[in-house]
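Dumping the structure here so I can ask a few things about it.
The letters A, B, C and D name the chains in turn, as written, and every chain counts its residues from 1.
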Amino acid sequence: MNLNARQADLAELYSAMGQANIQALWTQAADLMPAQPVPRAVPWLWRWDTVLALAAAAGREVPVGRGGERRALALANPGLGGLPFATPTLWGAMQYLNARESAPAHRHTAAAIRFVLQGRGVWTTVNGEPCPMSRGDLVLTPSLAWHEHHSGTDEPMVWFDGLDLPLVNGLDAGFFEPAGEDYLDTAGGPVTSRSASLYAHPGLLPAVTPATDRHSPLMVYRWEHTERALTEVAAATGSGDAELRFVDPVHGGDALPTMRCAMRQIEAGCRTPTTRTVGSSIILVFSGRGQTVIDGQPFRWGPGDTLAVPSWCAVDHEPAQTARLFVLSDAPVIEGLRLDRTEVLAQQQKVRAAAK
Amino acid sequence: MNLNARQADLAELYSAMGQANIQALWTQAADLMPAQPVPRAVPWLWRWDTVLALAAAAGREVPVGRGGERRALALANPGLGGLPFATPTLWGAMQYLNARESAPAHRHTAAAIRFVLQGRGVWTTVNGEPCPMSRGDLVLTPSLAWHEHHSGTDEPMVWFDGLDLPLVNGLDAGFFEPAGEDYLDTAGGPVTSRSASLYAHPGLLPAVTPATDRHSPLMVYRWEHTERALTEVAAATGSGDAELRFVDPVHGGDALPTMRCAMRQIEAGCRTPTTRTVGSSIILVFSGRGQTVIDGQPFRWGPGDTLAVPSWCAVDHEPAQTARLFVLSDAPVIEGLRLDRTEVLAQQQKVRAAAK
Amino acid sequence: MNLNARQADLAELYSAMGQANIQALWTQAADLMPAQPVPRAVPWLWRWDTVLALAAAAGREVPVGRGGERRALALANPGLGGLPFATPTLWGAMQYLNARESAPAHRHTAAAIRFVLQGRGVWTTVNGEPCPMSRGDLVLTPSLAWHEHHSGTDEPMVWFDGLDLPLVNGLDAGFFEPAGEDYLDTAGGPVTSRSASLYAHPGLLPAVTPATDRHSPLMVYRWEHTERALTEVAAATGSGDAELRFVDPVHGGDALPTMRCAMRQIEAGCRTPTTRTVGSSIILVFSGRGQTVIDGQPFRWGPGDTLAVPSWCAVDHEPAQTARLFVLSDAPVIEGLRLDRTEVLAQQQKVRAAAK
Amino acid sequence: MNLNARQADLAELYSAMGQANIQALWTQAADLMPAQPVPRAVPWLWRWDTVLALAAAAGREVPVGRGGERRALALANPGLGGLPFATPTLWGAMQYLNARESAPAHRHTAAAIRFVLQGRGVWTTVNGEPCPMSRGDLVLTPSLAWHEHHSGTDEPMVWFDGLDLPLVNGLDAGFFEPAGEDYLDTAGGPVTSRSASLYAHPGLLPAVTPATDRHSPLMVYRWEHTERALTEVAAATGSGDAELRFVDPVHGGDALPTMRCAMRQIEAGCRTPTTRTVGSSIILVFSGRGQTVIDGQPFRWGPGDTLAVPSWCAVDHEPAQTARLFVLSDAPVIEGLRLDRTEVLAQQQKVRAAAK
């Protein structure tokens, strides 16, 4: 058979395959199985000022209520083809609540966390438990937990929402349910959080703990504890790069099965080793200023800025002022599926600003 | 502000948001969080005759070797927009090897299983261990295990390949590596499988077992064991619907962290309860004939036919001849992430063919 | 054969068996396998005044140093035939340290806990980490951890020591090693405890935790946390009987694999349900006064008194003043071996003091 | 104070302590905490001929029935002060059943295993499931499983019983219950074992498995599987010392939470490394002849002989004929409590019989 004939035969074969909903591996093997991950998501930074201004504008223009459910502004990674996702597994958004506003109760399979960048006087009710939200607090709304948000202040408030929505949707696993007429809310506001009363004690647990291992029973992690822990761990380890994880106090692992919440304190003048890791993350600058280099591309940041870090990108951080970074990642998914891999590319020199 | 002005303001807001790579949740909440899963994948059946004919044609037209790597014909779910995936998490393909052919050694993050529908005389070498492949055998090539395929017969052979490739790619977690010049293959063919010698004994394990819990250390599950187990379990339980799982004999869970392999034997005349489950699967008809109804749509099947079952579709099976079905699913992923949910919609009447 | 002959034959058989180091089960089956546990240990109470006076006398008469190792007065259960053990699995003792005294460093397989009933100014160094000991503090010295005790005050001090020594010895598993010449002690005294800096934060863990799961990495549990937890848990549950466990913050289970440490707060006027449980415990009255009934025998107690509760004894507590009880038990052993069983014999009436 | 006066004071103190049920640690520290384990149990060997003759005599002299329960001849370690225990944690006995005899149904907390040295035609019914007992079979009667023994042959039969009775009694955890009038036995004899039908398939489990993790669901491990596994593992590893463990096929760990069952095949001419391990064991010679040295003391053995190995004794085996040894140990207890320690004292030369 000559070449043309063979080409024609092949074309006929591929056409027949296409009609049968069959595709050849051999023509696309390199694309399907690249030597290393080729994320469509790109490294990106959203500026706090920009996002806040848009959120405030939305606060003026858009009501909150059933149907829209939340006044949340999603960080849409430009590499993801128009999807409102920060990375292939993580949704990140700023949610804006006007003074005395409430967002209606609902529940969904996608798990969420709320991390508060500034303000106070708002609370999220999780399965009937009001959880106070002030700067630095982390609130969980685990999979299928009923939840709503209430403002008890005269100021608007904004916080960060992180969800595993892209993952849950990609697995076709998502359910959603608005609260019905008979849903009782404790709109009176939080005095104390019941789950914190039970579970926020170091090395101490009630004799009877929840049977479920689907998520942490602790719904709110208060900033006073996180800040003290950061300070003490940094001092005890003598490290300029201290990292804490928010965990399930009953089982010891990540607070949620699909997302890792961590807080990292990096001292001014410390440049972290260039590292790449399988799995993606969103980094929220809680305080401090500095620069992060992702796959060679520098991003300068300050408080409230948000970074998307795709899988297997080489990353290092170099704060100019001591920085506290809240990091949300899909690490529990990657590790649970035994897909974890990390590579340290370069140990950076620890450079402290020299005195003149 | 009148309505038009407000619309204009909103349009301006959304435009500004778009420029900032920000999207509103409230305009797409219902799409992002539907009441229940809305899979893009559709229920589908690929006919054995069709696939086999195409595979044989490919056997004549397409060589196997480095680059294309494998003569694998992927089952492409028509709902997935042209992707060569059977479901959002599972790759399914028929691989065709001509007499005395070999497919070159490589390894990749995506885990694979091979299930043999017919024939004998081929083996897959997994990390240097030759694993025989005859009708009914299941061979694992876990994540990052080196593997290649060899034919030692004068007949072409075809088998089913299942991979977690869509999942691994969706998580940007995939690495691929072809074997180098120095890769030594045991092309002499299998006499016995070392991992079966160590791990294929009921209730018995070597005193020293592998440290890893990343996958089963047993690389091949022979049909003689599977068939005996099916027969004995069906007899012991008296059930017309017996299901076996292929497990890691050291840790007791699924053989692979990302895919469940199961074998199901359903008696003629037994109609299984209509059930829907979060997570997707590929069903391969090993023997028997019958009908499966998926979300109301009937599919008639016989040996070698392959079905794709998207998440949360209502499914029942009704064999006309006692059927043995090999089922590959993403259940370990769904369960590990605590996203599992199952609903039995209808207990079918158990109808046995009435004697005239 | 007549009866006498048969008796003679049997006697001969038993004699031959005895010579061969063989014993008949059938002659002692009822003793070996009673219908329910028949502990040799008896319920017992040691009075604080008595123990303290003896400890103080020992403080005057007996030096502390290598060989004797510790000035510890063991609570010897009268049922255990002269053994210095409170129960078949637990050693309980009061340890007395004079002003400015030190007890020498050693380590042993038996794990120990120290619970402080009164005083301050002493510390225990655990693997080089000084752990402060004030009223209500719990200090762990896990299996094979180096440890010594130092007084930095001008007053004598006494605390409770609990060890799994009877268990470890019964299993022939015990090793002991005195510290050598080169052992470096941090006799300068505790400023802060390193393990508490790392691990005593609610729901927060360092990103890098110890690889071992042999015991909690947290060596000291401070009373301020325990007291707050008791108060908050009691308030949140509305229960007159709140129980806390001291846990390993990394793995979530008991702080030690062989002993459970718990703190129980029972309100005045609350009589707990009469309950029996497989496994034994030592109860130390931290504060309050009341009565405990063990297998029908009443024991009146006040601060510092210690109770031994053998396995399967029916127990209820009835404080006259709100009581805080430190409870050390072998529950992790019993549960780990799947021997746990609990029976509630009677729900007591909750009687609050009636107004005049 | 002069010396005599001081001695008198001390004597008075110790007397007062004794009256208060208090004991000094410092006078007995070395005994309570020796440098390494000092077992009271001694290395011992019981000869098969001796035990069998006594068992047969008991078969003639002693009936089996309610009260005595079993015609079991316990191996009583001479070091244990007259207790009928082989080691501090393990009961070992030979049980003798005359032709057509039955031993009555009961259950107890202590778990048991039966290992058959010779014969066939007897079965043990475990929770209603008849388990055949032929040479080499292992039958479990887990904690609180109802069980009785039946002979369906015209020959007497004898087998080895191993129980965790000393451990369970030492923990005051034992319950015993004879079967009542309404207990239904399946005295018809075993055709097949239901648990083997469900669980004795290599790498295969039913989709629905028992909820309990208290013990293996598989009640009988047949010799044909054990023998094949021994042969294949020895061949695959090329080791002259192959060891298999009997495991729970659902959870992967030891078949029972308190006892490890293992089978070891040591080739003639192979001398095993001298090793000592925390924990005790009973070794039963299934086949072969050879010598074991325990703490320097040689024991020559042949089929049916039984050895007691106390904790931390140095042990090596040197078969003259290839030996198969059934080993029962308390390793799961020691490991579960994190008390495990092993030391290899000497790598023996592997000496194979030289050809003349």
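What to note about this one:
Methods note: a residue touches a chain if its C-beta (ideal position, glycine included) is under 8 Å from a C-beta of that chain, and two chains touch if they have at least 3 such contacts.
Every value quoted in this text rests on a predicted model; they were computed, and no experiment measured them.
With respect to subunit A, maximal separation of chain centres occurs for D (centres as means of Cα atoms). Remark: subunit A and subunit C have CA centroids separated by 44 Å (rounded to whole angstrom). As a whole-number value, the distance joining the C-alpha centres of subunit C and subunit D reads 30 Å. For subunit A, the set of residues that touch two or more other chains is empty. If each chain is drawn as a node and touching chains are joined, the picture is one closed loop, every chain linked to exactly two others. In this structure, the chains touch in the following pairs: A-B, A-C, B-D, C-D.
If you check the complex, the residues on subunit B that touch subunit D are 192, 194, 196-208, 216, 218, 221, 225-226, 228-229, 232-233, 235-237, 242-252, 255, 262. On subunit A, the positions that touch subunit B within their shared complex are 6, 9-10, 13, 16-17, 20-30, 32-39, 41, 44, 46, 50-51, 54, 57-58, 61-62, 64, 67-78, 84, 88-89, 93, 108-110, 143, 165, 167-177, 214-215, 257-258, 278-280, 310-312, 330, 333-334, 336-339, 341.
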